[in-house]
Amino acid sequence: MKKRAKIVGAGGYGGVGLTELLLQHPGVEIACLVAKDETGRPISDIYPHLKGWCDQVVLPPDAPEASQPFDVVFFSTPDRVGMRTAAEELARGARVIDYSGDFRFNNPAHYADYAGRIGLDTTHLAPELLPLSAYGLPELGLDDIASAKIVGNPGCFAVSVLLGLAPAARHALIEEGSAIADCKTGVSGAGKKPNASFHFPARHENVNAYRLTGHQHVREIETRLAALAGMDDYRITFTPQVVPATRGILSCCYGRLAPGVTREQVIEAYTEFFRDRPFVKIFDISQPIGTAHVRGSNRCYLTVDADTRTGMLRVISHIDNLMKGQAGSALQNMNLMLGFPETMGLDRPGQYP
Amino acid sequence: MKKRAKIVGAGGYGGVGLTELLLQHPGVEIACLVAKDETGRPISDIYPHLKGWCDQVVLPPDAPEASQPFDVVFFSTPDRVGMRTAAEELARGARVIDYSGDFRFNNPAHYADYAGRIGLDTTHLAPELLPLSAYGLPELGLDDIASAKIVGNPGCFAVSVLLGLAPAARHALIEEGSAIADCKTGVSGAGKKPNASFHFPARHENVNAYRLTGHQHVREIETRLAALAGMDDYRITFTPQVVPATRGILSCCYGRLAPGVTREQVIEAYTEFFRDRPFVKIFDISQPIGTAHVRGSNRCYLTVDADTRTGMLRVISHIDNLMKGQAGSALQNMNLMLGFPETMGLDRPGQYP
Amino acid sequence: MKKRAKIVGAGGYGGVGLTELLLQHPGVEIACLVAKDETGRPISDIYPHLKGWCDQVVLPPDAPEASQPFDVVFFSTPDRVGMRTAAEELARGARVIDYSGDFRFNNPAHYADYAGRIGLDTTHLAPELLPLSAYGLPELGLDDIASAKIVGNPGCFAVSVLLGLAPAARHALIEEGSAIADCKTGVSGAGKKPNASFHFPARHENVNAYRLTGHQHVREIETRLAALAGMDDYRITFTPQVVPATRGILSCCYGRLAPGVTREQVIEAYTEFFRDRPFVKIFDISQPIGTAHVRGSNRCYLTVDADTRTGMLRVISHIDNLMKGQAGSALQNMNLMLGFPETMGLDRPGQYP
Amino acid sequence: MKKRAKIVGAGGYGGVGLTELLLQHPGVEIACLVAKDETGRPISDIYPHLKGWCDQVVLPPDAPEASQPFDVVFFSTPDRVGMRTAAEELARGARVIDYSGDFRFNNPAHYADYAGRIGLDTTHLAPELLPLSAYGLPELGLDDIASAKIVGNPGCFAVSVLLGLAPAARHALIEEGSAIADCKTGVSGAGKKPNASFHFPARHENVNAYRLTGHQHVREIETRLAALAGMDDYRITFTPQVVPATRGILSCCYGRLAPGVTREQVIEAYTEFFRDRPFVKIFDISQPIGTAHVRGSNRCYLTVDADTRTGMLRVISHIDNLMKGQAGSALQNMNLMLGFPETMGLDRPGQYP
């Protein structure tokens, strides 16, 4: 019998991406779709590509059918939504995967710092759940996702940068304080809600950096890099940019090579770090890789290099922000939590072109 | 045991699209990839998104391994390639599916007319195979694809327009000679080969009509509409256009309503014609449909309408030119020819956005 | 001394386009910028490309400086704004150019029909001004724009279709009731305000038809075609579509050729109709024209053809929706009203690519 | 009487961009268009947007009319074309502006290094002209462009990065060897010639880094930064990337702040360096700037910042690669060489959106 999943926030890009993936998953069925807006209509009215594949009616959060026990509940919701009701879901026997920052920090102080940076209330509403939570980037090997009750699904920029810098942090390949992440994202990372910045005419033929005064992903990235490095603090310079594409994040990760570190050591360290990780592939700089090559898949393609002329590490990380950067990672975490093979439902390439 | 497929023309968009689909098909395996260029390298070197999914080496056409018996052979090749070697493949026991115009006309005179319009030699090189061939658009119900030895896979514009006008032609809903197909295609329809017209800066922020002096798809479309209408001749005005998107064809099909035909009769006729056809969905004009909703799927979404104020039929047909317009139809035809369920390997929505 | 212009609705695309043009006009200066939102800031804060070229502060409509006499006042505003205050501007000596439907019909009944179709109050608020108004498409030669006190600047689709069909209507080249306009627009035609349909991820890689149940431009188009044809009524089938580009409208205009009309007569009629019209150029179907070739200019490029095989007129009309479709036409009308050469400030090509 | 200009390489993007600009220049006329391909046709056949504005026939290089004396000759040609015939043009009295690397280094050894990196013959064919040449980036204040006989027009990436790092190099704001330029360019930088990498379907929805093994612009950038810094050598890490836009370069320039350098000092240094430079504008990180805001203009918009938390300089440089990155700089250099005001013909904003 299939496991039963509920998706809260079914109407957004994070919800629809997960719906598409669960439709292909042999072990889990979509049992309940919940959203705040556009309720009472089949999801296939909102997303006509789903017609006939998934015609479930979207329910409001307080619908009785939404309060049944489920095996897994996904919160594809803004910050501070999941933390309000995760306990109820746990009590009914579910495992919880939350897309927001609510469970990315298993430490109230780190949460408070993160929340403060983005103008949120800094008090976590369910601190008692934090010890039950894990950070959902399995490739880091930091937390035990399989046994966690709650997983904080990572942010899309964080996935991109952490996969690009984790081996460097773990093995001290670069000098402290020298890390830079220059990140280019497609527009879908901003979600489904219309906004002047993401209006087609404002965005087409436009490339821009934004939130230069501070970005919430830095806290998440720095916390994990510090853990990997065994340090209290790990600072990076982070420059988020938007490019006129719908999907994809390309992050150029730089850092000054530590004394004596060679190009060969760098490549060896990255290769080792991701050995047996099914979704990360290492490429040589002679191979032409772009975000189109991971579009629609849960993979991260890393072009690993060290510019020996200038003494710089340069790793280029390519993901699909809606897959490995969001719904794909969520499914991967679900597989680990429910005991399915890690790649189940994620075992196919995207479509090209 | 899985059936074994060979793809000739594996390096183009038609080949890679089919490769992606066959990787998901439970009953058929990719046994051989053949191309003229870039041979001797894994296909995943040419298309890095396939790395690990399909790393077969691309063989030249004369490689010994390419001359084994296969269950099905796809010619994703230009005109007049398949007709040269299809007989050999049949002799080794294969069924053949050809993407070009070579087997779209089971009549040498029609072929000659088609070939002449596009400047090709008008002599079919394998006329003895024509009686064994069928036109590969199952929704028309014209030919017996399941029993054909060779299927001429339809052109992408033809799929789009034929699905949009077939019920009108079959049921004489519109006046003779009044049909117009105003078709907008994404750029991938032109294939993988670079060209001044499809160079990114020439194409971005540009919409243009082309080949206004005549277009090869008209012959194919008119032949089938005439068959549906039971007429000798069925003329349409056809205006191909390119829009700055990679995938998708949106065709607006018009025709003057025959005397007495009502809007209700039109909708009824379309609904009936495509009843039980798994890949065609009929929509009302109140539902907002775009090419994005069929991107990546084998579906055709039809918005069916009649403008009673002006007495015009208006049907808007949406397909993904690389799926229902090419590789998806090829897989659908393969399923019918090899006895698999028609939707096998095509049973999922695309990704949105 | 330069004439002084006021722009009401300065913050939208229609306002900024006019600002760009007036900055280049030797005879007119921007004296006042008015908007409802984002007031109190320099326009160059809202549109940073104007920095140093135009740093005027945007005023609210009721600012005292906005109530001075101006030589020309542009209402780049939604329907039913201009009609409320045009009389005041006239009283202070200004000529008025309104971008909305308020002054496109110099007949209250036509206005009521138009307004009703788009759900507006059908009562014109300034019917006494209608006799002073003209329809602002000089190429039609229907109204005396130079002497009008008020010009109703035409809608972008209307410009595109009217230039494509005017000679056919005037010279009865096509049969009554057979005209079809299949129109593809870039997204900027929808204006600056964000909207779910024009959100980048929803629009990129998407082509769709919309408002199939009725579109306000039809009334405007039909009124003018009827006038050209000397008929009471002139019906067209109109299909608006959006393509993933910022600028440009490509309209395919069809109609059944009247008995005996030849291709040569069609080309001759179009050539004659637009002889000496500086902004319309006629092209042969052998010349590859796209919307990119009019991007940034006030021109309309017409590809004129008749498909003798099917007996159809086919004219493809290309404009930049923000130039000839909006601000460019407004400047052209201003030139005629204020006695400047018609092409002043519009005498340059756009930039390619 | 107007000065007379000849453009060699008139058929490419660099040539057509200059043609558009010269058409607006009050002091210079286009006297001769030369190209290798598509000769014998009016330039407006190749670029239909120029119809009526510039219908001159494109001549082959050896046409007699192309060997007359001109006041200025532009070589919008690949490397090693201009150096072959520049001497002849000088002998006939012309000033020369060359778009390639031929005259960007007034030192044969630097040229040899540059040429070697990109696989060219390292011997300069006209070393006697080098002392007559200047590097054409007036904002650097390094060379006397006004008095030079030949100007080497800078590369587009070089313009972007040099304007972003010049003050830092001149005033030693950052530590030696720490400079990084992470550069994103639109596709038109690759020119008009079709290529598999710039084929629309390969490029749309794709972002990729390229030429990671070495890029010719580094030599050009490092030479000028070294001159500004008064050093023999100045190394930067350079990562060129392509984004799916036609125009625009956004470069993120980083460097470790030298001990004691404050954010205020950085902003002051940049402001001072570009004081009175008409085409460079400095912005604060709170102002949202993107490449769309310089599209079509000759400006460079710099967002100047220092991340004091990490001790990094971060300057974001925005240009239109075909304007300040190519034809616009060429016109600016021409103005300086021929004694016109520096901004003549460049004194207008681009069009938005």
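In order of appearance the chains are A, B, C and D, and numbering begins at 1 in each one.
What we mean here is this: a contact is a pair of C-beta atoms (placed from the backbone, for glycine too) under 8 Å apart; a residue touches a chain by one contact, two chains touch by 3 or more.
Everything numeric here is computed off the predicted structure, so don't read it as measured data.
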Seminar exercise, completed: Check: interface with higher C-beta contact count, A-C vs A-B, is A-B
Exercise. Tell me which of A-D, A-C or B-C has the interface of B-D again, with more than half the contact pairs shared?
Worked result: A-C
Seminar exercise, completed: Per the C-alpha means, the centres of subunit A and subunit D lie apart by a whole-Å value of 39
Exercise. Can you give the whole-Å distance between the Cα centres of subunit A and subunit B?
Worked result: 37
For this session: Between subunit A and subunit C, tell me the centre distance in angstrom, where each centre is the average of that chain's C-alpha atoms.
Result: 46
Seminar exercise, completed: The positions of subunit A in contact with two or more other chains are 13, 186, 188, 201-202, 204-205, 244-247, 288-289, 292, 295, 353
Problem set entry | Residues on subunit B engaged by subunit C in the complex (per definition of touch) | 177-178, 180, 182, 184, 186, 197, 201-202, 204-210, 212-213, 235-237, 239, 241, 243-248, 250, 252, 254, 256, 285-286, 288-292, 295, 303, 305, 307, 309-312, 314, 316, 353
Seminar exercise, completed: Given the complex, residues on subunit A that touch subunit C span 13, 186-188, 192-196, 198-205, 244-246
Exercise. Which part of subunit C faces subunit D closely enough to touch in the complex?
Worked result: 13, 16-17, 20, 23-24, 45, 47-53, 188, 204-205, 246-247, 281, 283, 287-289, 292-297, 301, 322, 348-353
